[in-house]
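The two complexes that follow have subunit A in common; it is paired with subunit B in the first and with subunit C in the second.
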Partner chain A sequence: MKRYDLIVVGAGPAGLSAAIEAARCGMKVAVFDENAKPGGQLFKQIHKFFGSKEHQAKIRGYKIGETLLAEADEAGVEVFLNATVAGIYLDKEVLVQIGEAMTHFKADTIIISTGAAENMVTFDGWTLPGVIGAGAAQTMMNLHGIKPGQRVLMLGSGNVGLVVSFQLMQAGCEVVALVDAAPRIGGYGVHAAKIARCGVPFYLSHTITKADGTDCVTGVTIAEFDEHFAPIPGTQKHFDVDTICLAVGLSPMSQLLKMAGCTMVDDPKRGGQVPLVSENGETSIPGLFAAGDVSGIEEASSAMIGGRMSGLAAAAYLGFLSESDKEKRLADLEVALNSLHQGMFAPGSKGKTVAKTDEGIAVSQSLLKKGYLEDTDLERFVHRSNQTDKNSGIHPVIECTQNIPCNPCQDACTKGCIKVGKTITALPQIDDASSCTGCGMCIAACSGQAIFLVDEDYAPGFASITLPYEFLPLPQKGEQGTALSRSGQPLGIAEIIDVRNAKAFDHTPLVTIKVPAGQAMTARFYQPTTQAMEQ
Partner chain B sequence: MKRISDHPILGEPEKGQLVSFFMDGKPMEGFAGEPIAVALKAAGVMVHRYTHKAHEPRGIFCAIGRCTDCVMIVDGVPNIRTCITPLVSGMRVQTQDGVTALEVSE
Partner chain C sequence: MKSINDRSRNIGSFVSQLDDTIIICRCEEITKGEIRQAIHDGMFTVNEIRRYLRAGMGLCQGQTCGKLVKYLIARELGVIPDQLDPATSRSPMRPVEMKVLGNEEVTHV
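Moving on to the complex of A and B:
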């Protein structure tokens, strides 16, 4: 029986982070993962992450995955793939299926970081081929380079539903609608706005009543429902689709912890059956830890911090790290974790209705219901940070109106134009005293794609708007297309006057359009003429 | 075309060698090493199996080897999770009917 100081189950962001910290303290670490490739879901995350520098904000998920793998390798972590942990027994013995063989391993500490599984909802026709999990869509398009379908309806407006909808469009699929049973969009407004300005409608307080098709999905019917969850007659809408994507939450895969005899609690805020854990992830069994989604559904950034905390705690438990060093390093990580746990999307705020931002500004109801800011919202948010007498020359317009943990825009501007401050959930402010050079780094750094550079006086009667454009084909300078509003409505002709795609933008090309001056604060997206004709 | 030829973030997908395999006896092509389910999807195959009792169609659902909806008979072995089993040149893949192969008229 092979022995290790630490066995980690699951090579996702939490497990790898834990293994790296522990191995760096001198522990002999084995990580088991049932998949053929390590990294968990990180390699499917092609969007830029939120947070601040210490959370690797504005770095795309798959790049973070590559860094973690390199660090694990350097630290001497042994990663076993296609290795399914089938059981945990007394005295930290685990049974692992590798190929056809069952093998016993023993450790002095164990960290369970098995992540979560997607939830499902049932409706008439839900078992038809073509009904898939949102994770399946991500796996197909981002790992295997294949479109999950041509026309897709997304159920679920949490961050997964929003992010995957955008990724579907990036992969060349059409998203016909985003549907959610909740009366409000669950994920970040900036994610919703990215989809809304492409013209995707949101149907809140709606759900799927039927998927059509005999051998596979050919269509879907949705309906609005009343407070008793009964469909309201006459509200049915039908869409011709070949794919229905379900993004209706995640549940911790905590079976191994239960099997090990850890005290479990049923906590809906953490996603279901989760172990009772200390702040470092230690369960009721000394030396057995849980990290990441398995101990409460969050996202990869906090999973990585949680993993590192458990790794350090495991090292200290066996004496590889002194108590004083442990306290010091855990305190730093706690600060990093706390900064992610602020604002209106904090784990403690789940399910609560937030009427005002931390700054006391009424939140946009349109953003929550339709996925975009109304013109009447702009006064409160956008113009507030843009009160300038000169009102001329290029300047950033930041449409970030919710307290989300993110601040790369602040570091991106070398001129000190943008201020978020110490609390990273604060809304960014624009310092009008600083001069914007139009470099566009803030646009590319904004993980929510909520920053635009506007020049009201680009030419007599015309304004220029620079926007992020992560789609193919990339527009060419000189071509003409359609300017779209925040809700994806065509506003008129837009001419491409500049396209920049610097390496520092990390695959977020900046496209500058010329529109009539009156559209300076309404045009927010560009649609090539070819796409308009196809529809 | 279901395959993504160029992606704004990921560029051109990295693929193995183009190989042929058999789906219910018919020759098809896919890339070696990609999941069997991906090669089938590219070829337009949606139904992977029919359920035992109700004879209902099933296809890809989770794509990460958890749900077992996409199982098929591969080289004579039933219940193979095609979403996580790499494609190999010459593989014989069959639609599963319950736990046996679906009878296909040639």
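Moving on to the complex of A and C:
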């Protein structure tokens, strides 16, 4: 039986982070993962992450995965792939299926970071081929380069549903609608706005009543429902689709912890059956830890911090790290974790209605119900005195209206034009004293794609708008297409006057369009002519 | 004994529903109606449903239907899902072929 100081189950963001910290303290560490590739969900995450510099904000998920793997390798962590942990027994003995054999391992500490599984909902036809989890759609697109379908309906407007919908469109699928049973969009407003300006409608307080088809999905019917969850007659809507994507939450895969004998609790706020853990992730069994989604559904950034905390706590438990060093390092990580746990989407405020931002501005109801800011919202957010008074010359317009933990825009501007301040959930402010050079770094740094550069005086009667455009094919300079509003409505002809794709933009090309001056504050997206003709 | 496990409790008689033919456990092809009938037959816990119908005993080991079955039981018994005991977790966590399970490296420390 092979022995280790620490066995980690699951090579996702939490598990790898834990293994790296423990190995750096001098521990002999093994990581088991049942998948053929390490990284958990990280390599599917092609979007830029939120947070602050210390949380690796504005870095794309798969890049973070690559960094973690390199760090694990350097620290001497042994990663076993295609290694399925089948059981966990008394005195930290672990049974692993590797290839065609069952092998026993033993460790003095164990960290379980097995992540979560997707929830399902049932409706007439839900077992038809073509009904898939949002995670499955992401795996097909981003790991295997396969389009899940041509026309897709997404159920669930949390961040997973929103992010995957956008990625489906990037892959060339048509997303016909986003449906959610809740009366409000669950995820970040900036994610919703990216989809809304492509013209995708949101149907809230709606659910799927039927998937059509005999051998595979050929259509779907949704309906609005009343307070007793009964469909309201006459509200049915039908869509011709070949794919129905479900993004209706995650459940922790905590069975190993339960099997080990940890005290478990059923906590709907954390996603279901979770272990009772200390702030460092230690369970009721000394030396056995849980990190990441398995101990409560959150996201990758907090999973990585939680993993590092568990790794350090495990090292201290075995004496590889002094108590004082542990306390010091954990305190730093706690600060980083707390900063992610602030704002309107903090784990504690799940399901709560927030009427005002921390700045005291009434939140946009339109953003919560339709996925985009109404022109009336602009008065409160975009035209507020600390946003900008300017209406001439090139300047940034920041449509970031919810308190979310994110601040890369602040560091992106070398002129010091954008300020978020110490609290990373604060809404960004624009310093009028600093002059904008139009470099576009802020647009590319904004993980929510909510920054635009506007020049009302581009030419007599015309304004220019520079916007993030993460779609292929890239438009060409001189080409003409359609300017779309925040709700995806066509406004008129837009001419491409510049396309920039610098390395520093990290795959977020910047497209500058020329529109009539009156559309400077309404045009927010560009649709090529070919695409408009197809629809 | 938890009061929700009290079998003498009257939960009313089985009334068929329009969507009883919907499959809940895909691996073992168990329908909503079969699970609701089993609850009325006296199966009040997730473990009992598993043993009685094999729902959650297939290839995915209840990963997909676990929560769905739990919610069905809760609704039929008129309790909150969190009050129900989850299914037992035991090795092997994932389906393992018998020839592999028997191919165990046995060394003594």
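The rule we apply is simple: the second predicted complex is superposed on the first by the 529 of 535 C-alpha atoms of A that agree within 3 Å, B and C clash if a C-alpha of one lies under 4 Å from a C-alpha of the other, contacts with A are read in each partner's own complex, and residues count from 1 in each chain.
FYI, a contact is a pair of C-beta atoms (placed from the backbone, for glycine too) under 8 Å apart; a residue touches a chain by one contact, two chains touch by 3 or more.
Bear in mind that the values here come from a model prediction, so they are computed numbers and not experimental data.
Applying the stated clash criterion after superposition on subunit A shows that subunit B and subunit C can sit side by side. The three-chain arrangement built by superposing both structures on chain A places subunit B and subunit C 60° apart around the Cα centre of subunit A, to the nearest 10.
Looking at the shared chain after the overlay, A:Asp431 reaches neither subunit B nor subunit C.
Of the two partner chains placed around the shared chain by superposition, subunit C is the only one that A:Glu100 touches, whereas subunit B remains out of contact.
Contacts of A:Thr127 after superposition on the shared chain: both subunit B and subunit C are touched. By the document's definition of touching, both partners, subunit B and subunit C, reach A:Ala117. Contacts of A:Asp108 after superposition on the shared chain: neither subunit B nor subunit C is touched.
Within the superposed three-chain model, A:Glu456 lies out of touch with both subunit B and subunit C [touch as defined at top]. When the two complexes are overlaid on their common chain A, residue A:Met1 makes contact with subunit C while staying clear of subunit B.
Using the contact criterion defined above for the overlaid structures, shared-chain residue A:Glu479 touches neither subunit B nor subunit C, since it reaches no partner.
Touch criterion met: A:Gly145 reaches subunit B, while subunit C stays clear of it. The least CA distance from subunit B to subunit C in the superposed model is 5 Å. Taken together, the two structures place residues 34, 117, 127 of subunit A in contact with subunit B in one case and with subunit C in the other. Across the complex, subunit C is touched by residues 1, 34, 84-89, 95, 97, 100-104, 106, 117, 119-120, 122-124, 126-127, 251, 253, 255-256, 258-259, 264, 266-268, 272-273 of subunit A. Taken in their complex, subunit A has these residues touching subunit B: 34-36, 46, 60, 117-118, 127-133, 135-136, 139-142, 144-147, 170-172, 214-216, 470-472, 474, 507. The residues of subunit B lying in touch with subunit A in their complex are 2-4, 6-10, 13, 15, 34-35, 38, 41-42, 46-48, 56-66, 69, 83-84, 86. Residues 19, 22-24, 26, 32, 63-68, 81-82, 86, 89-94, 96, 99-101, 103-105, 107-109 of subunit C are the ones touching subunit A in the complex.
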